[in-house]
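Labels run A, B, C and D following the written order; every chain starts at residue 1.
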Amino acid sequence: MKYFVTVDGSTHEVELEERLGELHVRFAGEDVDVGFDEVDRLGQIALFLADKSYGVSIEGDARNAFVTVAGHVYRVEVEDERERAAHAAQRKGGGRGGDVKSVMPGVVVDLLVQEGDEVEEGQSLLILEAMKMQNEITAAQAGRVKRVHVTQGQAVGSGARLIHIEARPEA
Amino acid sequence: MAMFQRILIANRGEIAVRILRTAREMGIESVAVYSDFDRRALHARLADRAVALGGALPSESYLDMKKILAAAKRTGAEAIHPGYGFLAENAAFARAVEDAGLAWVGPPPAAIETMGDKITSRRSMQAADVPVVPGIVDPIENAAAAEVEAAKVGYPIALKAAAGGGGKGIRIVRSKKEMEGAFRTASGEAKSAFGDGRIYLERYLDRPRHIEIQVMFDRHGNGVHFGERECSVQRRHQKLIEESPSPVVDEALRAAMGRVALEAARAVGYVGAGTVEFLYTAASGKPEFFFLEMNTRLQVEHPVTEMVTGIDLVREQLRVAAGEELGYGQDDIRFHGHAIEVRVNAEDPTNGFLPSTGTIQNLRWPGGPWVRVDSGVYRGMEVGLNYDPMLAKLICWAPDRMGAIERMRRTLAELNIGGVRTGTPAALAVLESEAFRSGDFDTHLLESMDVGSVRGDEVQAAAIAAVLHRWSSAQRRALAHRGDRAGWLERGRAELGGQRERSAGEVGR
Amino acid sequence: MAMFQRILIANRGEIAVRILRTAREMGIESVAVYSDFDRRALHARLADRAVALGGALPSESYLDMKKILAAAKRTGAEAIHPGYGFLAENAAFARAVEDAGLAWVGPPPAAIETMGDKITSRRSMQAADVPVVPGIVDPIENAAAAEVEAAKVGYPIALKAAAGGGGKGIRIVRSKKEMEGAFRTASGEAKSAFGDGRIYLERYLDRPRHIEIQVMFDRHGNGVHFGERECSVQRRHQKLIEESPSPVVDEALRAAMGRVALEAARAVGYVGAGTVEFLYTAASGKPEFFFLEMNTRLQVEHPVTEMVTGIDLVREQLRVAAGEELGYGQDDIRFHGHAIEVRVNAEDPTNGFLPSTGTIQNLRWPGGPWVRVDSGVYRGMEVGLNYDPMLAKLICWAPDRMGAIERMRRTLAELNIGGVRTGTPAALAVLESEAFRSGDFDTHLLESMDVGSVRGDEVQAAAIAAVLHRWSSAQRRALAHRGDRAGWLERGRAELGGQRERSAGEVGR
Amino acid sequence: MKYFVTVDGSTHEVELEERLGELHVRFAGEDVDVGFDEVDRLGQIALFLADKSYGVSIEGDARNAFVTVAGHVYRVEVEDERERAAHAAQRKGGGRGGDVKSVMPGVVVDLLVQEGDEVEEGQSLLILEAMKMQNEITAAQAGRVKRVHVTQGQAVGSGARLIHIEARPEA
């Protein structure tokens, strides 16, 4: 079984094969001598690659997981071949948007632009308060505010669409 | 005045746990208070008594003075320890505690007021001949006025909340065009955090270090300092790593800074534990230090001082609040070795240190020689946005600075908090940086660093672990499915067998 | 000789973790070895490399010299640290390690041999004018011969295994009629534990204290001692609580015992870390101490010495093994404050300290100021009978003895190891006993105490918790049942909804 | 619902009643103000009795559990009324035996008596090795060895029957 594993943005191929009751692992086409034991059913794992030892924990589901190795947390997406094909088709179908998204959960305490405004790159769009800190959310590109998805006082989740900016037509 | 039998801790998280630990060691019962959100919290479970405040927001719980005073009354607590944050620097609360006939584990309300307002504190320090950073003492109306004043003092400028603390309501302004946005967010943050939007400005020093002195005064006029803490490793004006001693402070400088810190505290009639923060710079060729502010409470980073002095600062706070004399002088205080603290915050260092939320599913603490873990975290804990993102503090001691750095690297490698991202990879990057190791750094160190790097072999490990975990979960589900059926057949057989045995027994009679 | 790049740790559990921590701080890679039973063990997960030995029994894994040497060869380890137990005091293994061209982190094989045999060690100590306990130096044939010799020395008598250690193969005989049974079990235990059933006897001192001196020698003839450890709190001849300093040792006595300990070690050409155990008694009116045995390895209780001296003993072991000089003398060693260790064993103190087995489901470690946790335990760990029942060690430091006692009481109250019983309630009873607190106790303290008492309010809490837990599990099962059905309906609806949306999209095109 | 809870040998009555959606608890007939929250699904519990706080953990099943309170582990049996009645009937039916049982898991390394032997109170019957310690198992009463349930070298579990001793007939 072949898997495509994306770790913090870069994708690697991992292959699993059961031969004579033993599990064999290939990483980027190379055989790896792997020891794998689940310490409990909650994601603590003893992982040995060749003789190298990793005390690992995993949170998440089969496809999207956070893997903690020596205090570093990696965001990992796992796709098998079928899933990868399906996702690739999906990505191809969707268009590029100019959405400004929230990178964290918070509350919109101040809206500084409205629909129709022209904004410069780096201009403040709104103030998002999270964990008692106020954060200025700025425009990553110049353009016109096409849609404001949020209202003042609204709580938003991580990844929520805040404002849609339409790029200026090429001069 | 005898030592307290019972105290209430008006706080949550690691500092509430920290305080109840010392109380227990002193034979004092501790009363925890907890919000709805915290009804499973460690501080409530470890305390002797716990009173529900209800509510989820701070304003409905840990900031609600009436509820807290009622809880103290109901449980017969004789004193209130506020920890840090929440009501710790609220003079009105300190006064209400004293008016209720309880002991306030903190300085006199007037000292909180004077030092709590940056503007009055700068004024009173100038009067006491304590050196302050050049700047404007009066609050500034608006961004336009700030631009005028900034031109006189010279850029870069620091905008600061008059009521500020904990890095909130601070903005650095490097040029005129940044002033308007900075003024707005600083003032907004100040209003939201402290209910007071007043802003003042001062010169922002070149290559400054943040060095602070821990002081302790009893009610009888005796005061000592416990040396310095180096707190220059910051991001967003919040400290990440602290250590004691500072690599740039020698015995003579320590004595000089200690003397000034004691003068600063005496000028406001200080009692209890407090911290005098200084900005230090050697940009002019000789070491200079300027009064920045005084924190009229226990600091987050107090453990590094405890580790090098052997003195339990919470114990001293409680002794002083109960009216005891310190019983020792400056010469009795000895410093041993080196201590480093790393704050473990729920934040994503690869994404601008923005908050990270989630449920802590896995938790493996570091341990072993000279490792101290101060934490309020437990497996199953939800990390939300209502409260401060600090989850825990790790503190390491060693005979020398390099030993402490290596011990902290090892400690961070052992830590595993699964379910939220934490800032520890950034701390590790600092500990491994040449600038930090050489001791030659300033408050810009962390912001100038790339902390988003990944480790090749760890990426491989993470990828393989995730695939195997997926595979093994699928196997388990498949087995469980078969197992259910097999188990059902097994149970059926066992029941039949049991009946047969009983029948045989009856025949044998 | 340069410092090692990589070492192999031929052990498991807390001591393997302890050693790899120091190695990591020194920049040395550690190689763990692990049995089949330990394939999820913490020491394997925390090490840089880990080699499977296979097998579940000690003889198939941690005692298999060939497998361990092969693992060292395969991973390029330059030295082997044996920890304590297993092969730590096996001279043949030490020799095999050196013959394989590796460094042995321990004393010369000849020193292990001399000190490892109680009979030859007593002879060599007598030759070096080190005071030994009165008794018979030669091994005794059988119970009858022992009865004859005992009559000469006088009851009570201690029967001891010539090859003994760790309290195994020891029996106290108070009268002739107990001799036969005691001789049989002591000899059997000795044969089983050490492969050597030889037994000798010595006078069993009245009200003895067990006090030991930590020594350290480099390869260049330099040796120092790090003061004493008081280890009188024992049951079944195994230590439960250790502390440093001892309440009965003053500076003069410490110097005298230290001098004798260094002489004892020098008499066998000692190198590395070792412990000279003494029996101390003041029954005659003046303090006397007698050589008991020398442990030619790191002791379980070494952390209390580390906490009061600030010196990492594993680091010193590795430095010495790599050929470094100590670099300091006796006068450079300073003692600060007081440290106490409690061993956390899987045993039932309310049932004669018999072993307790199970799976550790819940695990809450103590923490906070001056608390050190040395442990190899993890949630999900199975505690079986194959290995030593010691799960972890808790170590507390404080400026004085009473402070350390109160800190340890607080620490034990925070500990929660669910799934096996541990001996900590007995440790708590000792810490709360008048005899221990006054410092006036001997090795009989623990066996004379009633440690099975329960606390009324805790019984109520346990009863109510169990009922509510049962009730809540039943509620959850009932809900899950309903939830499954509801979830199924929900999923059905969502799928229908999804299809409708897609259809609408197509119509809109 | 009434429960009979045996904690380390002594039995207490605990009653639960749901009134108006709230759970009320009575212990030994007295109302107790209880706060109860499960920290996770693995047995960590926040328990408050009146204002008193207990950080508790529970291992085991619905009827037999180990409850850890402040480092003390209590063995707790919970029976509801129906179970209690059933168990009482069972207890009544069974006879008193003279079995010597193993109080811990271990290996029988030496058998010192055989069937038919007369033994004195306190006499050694066998040596059980557990966790590298040898433990003498002695007779709690004088009598005759009726049955030896184990053989030398046999591994036994906790609670296993080792030897049956028949009491001497009254003189």
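Here, a contact is a pair of C-beta atoms (placed from the backbone, for glycine too) under 8 Å apart; a residue touches a chain by one contact, two chains touch by 3 or more.
These numbers come from a predicted model, not from an experiment.
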*asked:* Between A-B and A-C, which chain pair is linked by the larger number of C-beta contacts?
replied: A-B
*asked:* From the C-alpha centres, identify the chain that is farthest from subunit D.
replied: A
*Return the distance between the CA-based centres of subunit A and subunit B, expressed in whole Å.*
29
*Could you state the distance in Å from the CA-based centre of subunit B to that of subunit D?*
46
*Report, in whole Å, the distance between the mean C-alpha point of subunit A and the mean C-alpha point of subunit D.*
52
*Residues of subunit A touching at least two other chains*: 38, 42, 44, 52, 54-55
*Spell out, as numbers or ranges, the residues of subunit B touching 2 or more other chains.*
46, 364, 378-379, 413-414
_Per the contact definition, I'd like the list of subunit C residues that touch subunit B in the complex._
17-18, 21-22, 24-27, 46, 303, 306, 310-312, 336-337, 364-365, 367-375, 378-379, 399, 403, 406-407, 409-410, 413-414
*Given the complex with subunit A, which residues does subunit B contribute to the contact?*
168, 181, 184-185, 188-189, 192-193, 236, 350-352, 354-358, 361-362, 364, 385, 387-389, 412-419, 421-422, 424-425, 428, 454-455, 457-474
*Using the touch rule from the top, collect the residues of subunit D that touch subunit B in their complex.*
35, 37-40, 42, 44, 46, 48, 51-55
*asked:* Taking the touch rule as given, give the residues of subunit A at its contact with subunit B in the complex, in rising order.
replied: 1, 3, 5, 7-8, 10, 12, 14, 16, 23, 25, 27, 32, 34, 36, 38, 42-45, 47, 49, 52, 54-59, 62-63, 65-74, 76, 78, 103-106, 109-110, 124, 127, 129-136, 158
*Under the touch definition given earlier, write down the residues of subunit B that touch subunit D in their complex.*
31-32, 39-42, 44-52, 74-75, 378-381
